[in-house]
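So, here's a batch of structures to check.
Shared between the two complexes below is subunit A, which has subunit B as its partner in the first and subunit C in the second.
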Partner chain A sequence: MTDAVAMTNERNQMFRDLFSGKTPKRVPLSNPATQDFAIQYAGLDLAECQWDLTKLEPVYEKFCQDFVTDTYPGGSIRLPSHYQILGSTPIVMSSSGFMQHPEVVGLLAEEYDEFIASPYDCIVEKVLPRLFTELNGAPGKVAMTLAKAMRAQSDDLAYLGTIRAKMNAKYGYATMMGALTEAPFDFMADFLRSFKGISGDVRRYPDKIAAACEAVLPLMIKKGTLPNPAMLGYTFIPLHMAPYLRDKDFATLYWPTFKKLVETMAGMGQNVQLFVEQDWMRYLDYLYELPENTIMRFEYGDPKLVKEKLGKKHIISGFYPITLLQTGTKQQCVDKAKELMDVLAPGGKYWFQADKSVINFEAKGPVADNMRAVLEYVHENGTY
Partner chain B sequence: MDSKYYATWEEYLAEHPELEGKPEHAIAPKIQKYEDAVFVFVMDLLL
Partner chain C sequence: MIDLKILTQAVGDLDEKVILGIINDFVATNPSGEDAQKVVLACQQGMAIVGDLFEKNEYYVGDLIFAGELLSQTIELLKPVLSGEATQKVGSMVIGTVEGDLHDIGKNIFGSMAEAAGFEVYDLGIDVSPRAFVDKIKEVKPDIVGMSGVLTLAIDAMRNTVKALEEAGIREGVKVIIGGNPVNEDACKQIGADAFTTNAAEGLKTCQGWVK
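Showing the complex of A and B:
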């Protein structure tokens, strides 16, 4: 057995232990930096590398060589080729090469009933042509566009998959599968009604929102289902809108279908990782109700309170403030990691991740050195 | 999921009687795979 295979086996066991509620050999850790960061770190052009993926293998080689982590770093589902072919308005490349999500409205308020009657049909017939200009036209043109876009994305993901396999084989990362879905309320907000639109709908059409969330729940479950629930991995659910809702609107509009989604995933034997964006401290009692060993990666809030209220039942992660990597000294950055580990690691059920992703790299800035120091500290001092 | 743009194998087979008697064990997973692939592609556009 090679060293890399042995490391993969060890890391896989750490995550199996973590996800099943056992204390792993040491605190598992993940590099918070993204593919965007990795490309800039390698000194290459962000836009060019996302179009020409053949340039990415040396990018990942350097990234993996320089930063210790237990999980494959980087990755991306938002590569530009298929979005360009589709005439995308919700995901566009900025002048600096970052893929961005402007505020868009894919579903009009007067289309709620149509959506509730058949969400997927409404998505295909109304939402996609509105958001993707090349899907709005003659049927033949739309069919050809869809075929080209799917082929482009399939080729891109396959290429990224080969790089991932090479890096896993060389650096011995945990081999985890992932699926992505959303809380029904967030799905209705993000690309369909928009932040502004759903915020008004909460007051004007609360019954429509509740019905739409129920209607779209089966799609969210299907989207989040792994090919084989027994696989090592998790369904990733980023949570967006709850901190911007009043408590009573959260209780009636957000929570019921979100809870059903997580319970259904857990009932199938799948792990669920929530990215608890913004500040959810007023909802901790709700989060406690979710199935045991739900992984919760927090952005903001009180780590001590979270450990106290949720830490015996759920797996806690996040909280490490990436802004400190930009503003702090190396010692301050390491001290912060130690502080969080002292609070969150005892008793297990802890995965070291940052509060958000690091996407930007400045050659003369401190982020890379500080991040390397933090990851090495956690790796070397996280043994139980 | 009830939609005119997504079919389970059973729904697909009902619409395609020419497949009666053909090796279902080989055909069904392939047809279902591409039904699911398009579903995932479409939904990923909105996530």
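Showing the complex of A and C:
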């Protein structure tokens, strides 16, 4: 057995232990930087490399070589080719080459009833042609566009998969599967009604939002299902809108279908990782109700309080403030990691991840050096 | 004349039906521009209530967005009776989401609250280059420059924008405030901004303090 295979086995065991509530041999860690960072770190052009994936292998080689991590640092990646072919409006590239999600409206307020009656049909017939300009046209042309886009995406993913396999074989990362889905309310906001639209709907037609969330829940479950629930991995659910709602709107409109989603995933034997975006401190009692060993990566809040309230039941992660990598000294950055581990690691159920993703790299800035120091520190000193 | 107190309270309560009812009835009476100004003022006072409730954690960002929508609906209805009546502006600002970032919700909330508070607001939109900030500032000579961003890369873009203002020799003439998810005190210092905020209501108070 090669060293890399042995390392993969060891890391897989750490995550199996973590996800099943046992205390792993050390604190697992994930590099917070993304492919965007890696491309710039290699000195290449961000936009160009996302179009020409053949440039990416040396990018990942350097990225993996220079920053220690237990999971493959590819992250969730939005590649431009198929979005471009589809004429995407919800996911687009900005002037600096970062793929982003602007505010879009896929469903009009007067179409709620149609959506509630049959969400899938409504998405195919109304929403997709509105959000993806090339899906709006004669059926033959749309079919060709869809075929081209799906082919482009599967080629891209296959290419990235090859790089990933090579890096795993060399660096011995944990081999985890991932699926991605959204809380029904977040899906309604992000892709159908927009942040602005849903904020008005909460006041104008709360009953329709509740019914739409119920109607779309089966699709969200399907989207988040792993090929095989026994696989090492998790369903990733980035949470979005809850911190922007009043408590009573959260309780009636957001929480019920989100809770059902997580419970259904757990009931199928899958792990769930929540990215608890923005400030959820007023919802900690709700989060406590979620199934045991749900992974919660926090962006903001009081780590001590979270450990105290949730740390015995759930797996806590996040909190490390990546802006410190930009503004702090190496010592301050390492001290912060130590401080968080001192609070969160005792008793187990902790995974070192940052509060956000590091997507930007400036050659003269301190981020790369600080991040390397933090990852090495956690790797060497991360005991429970 | 309508009961302005009821209107102010309805705006504070974000009660769309009551607000639109009052405004439509008011416009139907073919009022004077002066009376229309009083109605705008009553709405602005209602927005101040919204800001207070936000600070007390009774309202959240979703409510601010809805408030902004209600206010622009209201102003739209009042426009025909407002024309000709020059409004007294408390100050002016150029705002935008910085280069590389496409997120505009926070900027829009701040912009609509600032307009409601009587600022002249020049909104440059999203993914705004340092050059575009410099050009607009030279053109309209605002009191304040507001830079917004959600992604962490926005910090670098904000720094580059302040640098561009310095190079153009116009940094001294304006106050610079930065807002959005990734900003904090350290980032503010590094960028060379005068203030930072992650809270539109609080940021507006800072700006009001500057133009007093």
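Please note the rule applied: the second predicted complex is superposed on the first by the 380 of 384 C-alpha atoms of A that agree within 3 Å, B and C clash if a C-alpha of one lies under 4 Å from a C-alpha of the other, contacts with A are read in each partner's own complex, and residues count from 1 in each chain.
By definition in this document, a residue touches a chain if its C-beta (ideal position, glycine included) is under 8 Å from a C-beta of that chain, and two chains touch if they have at least 3 such contacts.
This one's a predicted model, so the numbers in the text were calculated from it and none came from an experiment.
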| item | value |
| --- | --- |
| Side-by-side fit of subunit B and subunit C on subunit A, or clash | fit |
| Of subunit C and subunit B, partner touching more subunit A residues | C |
| Contacts of A:21 with subunit B and subunit C, given as first, second, both or neither | neither |
| Touched partner set for A:229, first subunit B, second subunit C, both or neither | neither |
| Contacts of A:129 with subunit B and subunit C, given as first, second, both or neither | neither |
| Vertex subunit A, arms to subunit B and subunit C (CA centres, degrees, nearest 10) | 120 |
| Gap in Å between nearest CA atoms once subunit C and subunit B share a frame through chain A | 16 |
| Touching residues on subunit C, where the partner in the complex is subunit A | 14, 16, 57-63, 65-66, 69, 99-105, 108, 126-127, 129, 151-153, 155-157, 181-182, 184, 186-187, 189-190 |
| Interfacial residue positions of subunit A with respect to subunit B in the complex | 77, 86, 88, 90, 106, 118, 120-121, 123-124, 127-128, 131-132, 149-150, 153, 180-182, 187, 190-192, 218-219, 222-223 |
| Contact set on subunit A toward subunit C in their complex | 92, 94-96, 98, 100-103, 195-196, 198-200, 202-204, 241, 243-246, 249, 278, 282, 322-324, 326-328, 356-360, 362, 365 |
| Subunit B - residues contacting subunit A, complex | 1-6, 37-47 |
